[in-house]
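Presented sequentially are two complexes of chain A, the first with chain B as partner and the second with chain C.
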Partner chain A sequence: MTVMSTNRGTATRKGGGSSAIFKTLPLAPFSLVFIFFFCWPIFQIIKNSISDGKGHYNLGAYRLMFTKPYMHAFSVSLQLSFFSALSAGLIGAIIAFYVHKSSKSLQSGIAMLSGVLANSGGVPLAFMFIAAFGAQGGIVTILKKLGFDIYGHGFTLYSFSGLVLVYSFFQIPLMLLVFTPALAGMRNEWREANNSLGGSNLQFIRWVLIPVLFPAFLASTLLLFASAFSAFATARALTGGSVALVPLVIGSLIDGNVITDQANLGDALAVGMVVVSAIVMIFYGFSLRWARGR
Partner chain B sequence: MKTRIFEATRYLILAAGLIFFVLPVASAIEFSLRGYGNKGHTMANYSWIFQQDDFFTNITTSLRLAAVAAVLTLLTVVPAVVFLHLEGQKFKRFFEFLAILPLVVPVVSLAIGAQKAMPLFVQNSEYELAFFYVVIAIPYTFQSLNVGLASIPLKTLVEASRSLGASFTRTVLSVIIPAIRGSINSALFLAITLSFGEFTLTSLLHWETFPVWITRVAQGNVLGSIALSMFSLIGAWTLLIVVQSAQNWKGIRLKRTAEEIELEEVAL
Partner chain C sequence: MSAKNLETKVSLQNLSKHYGTVAALQDFSLEMQTGEMVSLLGPSGCGKTTVLRILGGLDPHHDGQIFVDGENITGSTSDKRNMGMVFQAYSLFPNMTVIENVEYGLRVRKISPEIRRKKSMELLEMVHLSHRPDAYPNQLSGGQQQRVALARALAIAPKVLLLDEPLSALDAQVRVQIREEIRRIQLETETTTLFVTHDQEEAMSVSDRVGVMNAGQLEQIDSPSNLYNKPKSAFVASFVGVTNKISAQIEGSGRVKVFNQEIELSQNSASFGSGSAVIALVRPENIAIASDADPESKAGLIITKSFLGPMTKLGVDLGGENLVYVNLTSQEAKKIDVGSRIAVKITSEELMVANA
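Right, the complex of A and B next:
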């Protein structure tokens, strides 16, 4: 009796085991591509970054990374991400608020346009801005005729502030896309309650609107931060490397335009970028949970 | 009075936003129509585009790679997400986590790894790009499929099909695929647009595609490359708007069918 039941037990377990493998087969192609074309390269960067090129453990690349020129690049990258995320985040949130108060058809039209524009970073966008805001550009010429010589006042497109301007062209739409859903939770009754209790508009904004929307605002802005931090194509096409950003430094290391005695400096910088970006995404995760918890 | 001020601010903000987005586009189009030495306006820069043999070569390369990336997405991401919705509930959270990771790793970092980690036979084929495009697009394609499938009672449909005696293949072909066709389409469309515009990894791995070619050609002919940029931007925007409107329309219809199915379930 005991023997029989044991046998039956093994039989089912065996059957269950092989069919479980068979059943998870649809995950196999995804997993294989993911492991070979994502995990494996990442593993290689980490391995290279802590070796001396001959297979020995060595932290020289990181020591070099923590020296002035590279820390400067990280600092410029972080500042650019911060300012572009904050400005696009604030402007985007204000526009999103007024779009939310508009008619349904306008809302869906703007949602569609945002989806289109949020995807239009890259080289063509940089060239479009060179044509529009370059020293010869139409906007600049018209402003000059009106008496605003923006280039005379130290503005140039191929700089930090130029990058903030160009990034806002796809970051404001991205903000509209990710922040608008949070506004759907707003209730008209809150405003009525505020008014009937004698609250002013300013008080409503300060004590209701901002506290309620802040977590979603934070989450959306962190997403913009991450997208600005890893942006490469636009910055490369626009500045050609005159603004020292980490991705551009890595790019010129790969292309061999910059020679260092640390062959694996690029790997260390790449790991550095992953670490920064991972920290941002962890905060994003927390603030998203905070936003949804309401 | 208060509402009138509010309405005025609303119009002002929306108009300012509109100007911010329309002005650079209009100004760049005007610039791209300029003749050399600022002599009037011509279509010369646009006709120049079509005289470039490289234009056709590179646009075909980019389209081919985008198509391969779309097919690969269909073969890898689609089965995985469908499985996670049907039977793989316990793996779902883990795979959702995996699918965000390509967003955490900047493409530059992936590129430097790709340059060193890939075996030679992979490095020597331009199709390595298509595989990387699939990976870079995973956060978007996976998410779009995941959200799309959550709104369809897929499990109920499959169980119904199986209990009516349909075979596995039959269920896949005439139940699963038609039910999720809209989600598949939008995921593939995302894969195609992201692949077509990808510059970072492509240029760092020293391949030439359409976006990489635009930067190279800019060194010789600035006006031409601006015309080229406007051509590709406006082309992409038009395509995206057409596809999105078609999808919105379809989305409304799909939602209605989903609601009808739910109603029928309630009635039963």
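Right, the complex of A and C next:
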């Protein structure tokens, strides 16, 4: 009896094992892509960042990365990512809130439009904004005729604040896409329970709405931060490198504007970006788990 | 309900509400006494939840007035009505612990933290959850969540407790347990309660009175036993409990002929002319097995037999479109098998009839 039971058990385990392999098999192409287009490049840049190209390894590029000009680039990139993510996050969350309350047809229309806009960027976006908000742009001219000269007040599109404005073009739609599901999880019963217990709308917003939505808001904003931190083409086309951002500095190093003995600096800066992105993603993961726990 | 509480607590007068051309409520009136538990029962879309939400101030209505303790509250908003509400499910604030949820209404009222914690713990003890004050809603079962919701609603000492199908998302065993707890707590706190449900057994077992609604109107409101035994309309008779519908004919002088029997018409039956074809509404327990030799009996074939514990339900095909259900004790039903023939007879002294 025992032997038979054992045999049956083994057969079941074998069946389960082959079933598990069969289930995971479709993930094999993704695993290959992940290994060759994510893990392998990261390994290569780490290796190159500590290699002098002559078979010797040292941390010279990292010592250089921690000098003022490159730390300044990191500082500007982080500030730009922070301010653009925060402003787009807040504006996007408010828009998402009102879209969520609108009709189903408007909601699906906005979702479709957001999907397109969130993936817009690069040179075409930069030129669109130059046409609208450049020194001679259409909107700037109209505002000037109305007596409001934004360039006279210190604004310029080719600056830090200009980049925040341009980034909002794809970040607000991205916020709409990623934050709307959290709003869909809000229960009408919570508002009604608040009212029947004597709570005002302000108390509901303060004690229920904001605490419930905050983790999802944080996760969405961190995603915007990561998106802004890695953006390259738009900033390059718009500022031509006048605003020191890490991706632009790496780009200029790759383009061949390399000072002697700094060939691996671009790799070291890229590793720095990977570290920042990894930290953001860890916080993003925690925020998501926090949001789902609600 | 104790005799001391016979003053009117809630008076809903001629409420009407419509969605476009569809009437959700038509001239609906209801009075509830202090400490009374009234259930509203009816098919989906009959307007029972609409009444509860209008009373709670969560939905507007078009006509009619609402009085609580003699005060007209028709125009006041839900946050000013002091009514505790328990919803179907998922109404606890997910960012707050059990105790914080229960304290919420007291916090809104700016009660000191010490007092509100003491009061909330008392209520948690009442709902048998004092051991989990720091749990979050997602760590509780559906039944536990509803108990917390009940404690939260009671914490504000509501003038009226509104229960909107609070058991519908729970499994059968927990439903029975929680509904008994709701009744125990309601009696303990003497809170006037309006309970909306689509479950007859639930309504009948916990309420002082049950109102049956149909198409936005209150068909009948009465004690559970009167509702079952003395229905005032064919709708109530067929909606409450199991009712056999048997082809019958009106005889002269207020009598109805069913099978070979002539039986008195119920006072509440609509009037029909002599000779009219009608449907007689007969409870299963008012049909008994009779002798074949009885001239008033009707023979039929047993086509189903359902064991229900102490009782067994037999489905008897009497020919034509007359399939009747008869309740027997399981002991009596032991010797009767599907496929055998029996004779049955109506035992009630009066019958309600409806249009054929």
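Just so it is clear, the second predicted complex is superposed on the first by the 253 of 294 C-alpha atoms of A that agree within 3 Å, B and C clash if a C-alpha of one lies under 4 Å from a C-alpha of the other, contacts with A are read in each partner's own complex, and residues count from 1 in each chain.
Here is the rule we use: contacts are C-beta pairs under 8 Å (C-beta built on N, C-alpha and C of every residue); 3 or more make two chains touch, one makes a residue touch a chain.
Please read all numbers here as calculations on a predicted model, not as lab measurements.
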{"item": "Touched partner set for A:155, first chain B, second chain C, both or neither", "value": "neither"}
{"item": "Touched partner set for A:273, first chain B, second chain C, both or neither", "value": "first"}
{"item": "Contacts of A:190 with chain B and chain C, given as first, second, both or neither", "value": "second"}
{"item": "Touched partner set for A:212, first chain B, second chain C, both or neither", "value": "second"}
{"item": "Per-residue touch tally on chain A - higher for chain B or for chain C", "value": "B"}
{"item": "Contacts of A:230 with chain B and chain C, given as first, second, both or neither", "value": "first"}
{"item": "First, second, both or neither for A:283, with chain B first and chain C second", "value": "neither"}
{"item": "Chain B - residues contacting chain A, complex", "value": "2, 6, 9-10, 13-14, 17, 20-21, 23-28, 30-32, 72, 75-77, 79-80, 82-84, 87-88, 91, 95, 98, 100-118, 131-132, 134-135, 138, 193-194, 197, 199-200, 203-204, 211, 214-215, 218, 222, 225-226, 228-230, 232-233, 236-237, 240-241, 244-245, 248"}
{"item": "Chain C - residues contacting chain A, complex", "value": "56-58, 77-85, 87-88, 90-96, 104-105, 107-109, 136, 138, 149, 152-153, 156, 162"}
{"item": "Interfacial residue positions of chain A with respect to chain C in the complex", "value": "187, 189-190, 192-200, 203, 207-208, 211-212, 293-294"}
{"item": "Footprint of chain B on chain A - complex, ascending", "value": "23-24, 26-27, 29-34, 36-38, 40-45, 48, 94-95, 98-99, 101-102, 108, 112-113, 115-117, 119-133, 136-139, 169, 172, 201, 226, 229-230, 232-233, 236-237, 246-247, 250-251, 253-255, 266-267, 270-271, 273-274, 277-278, 281"}
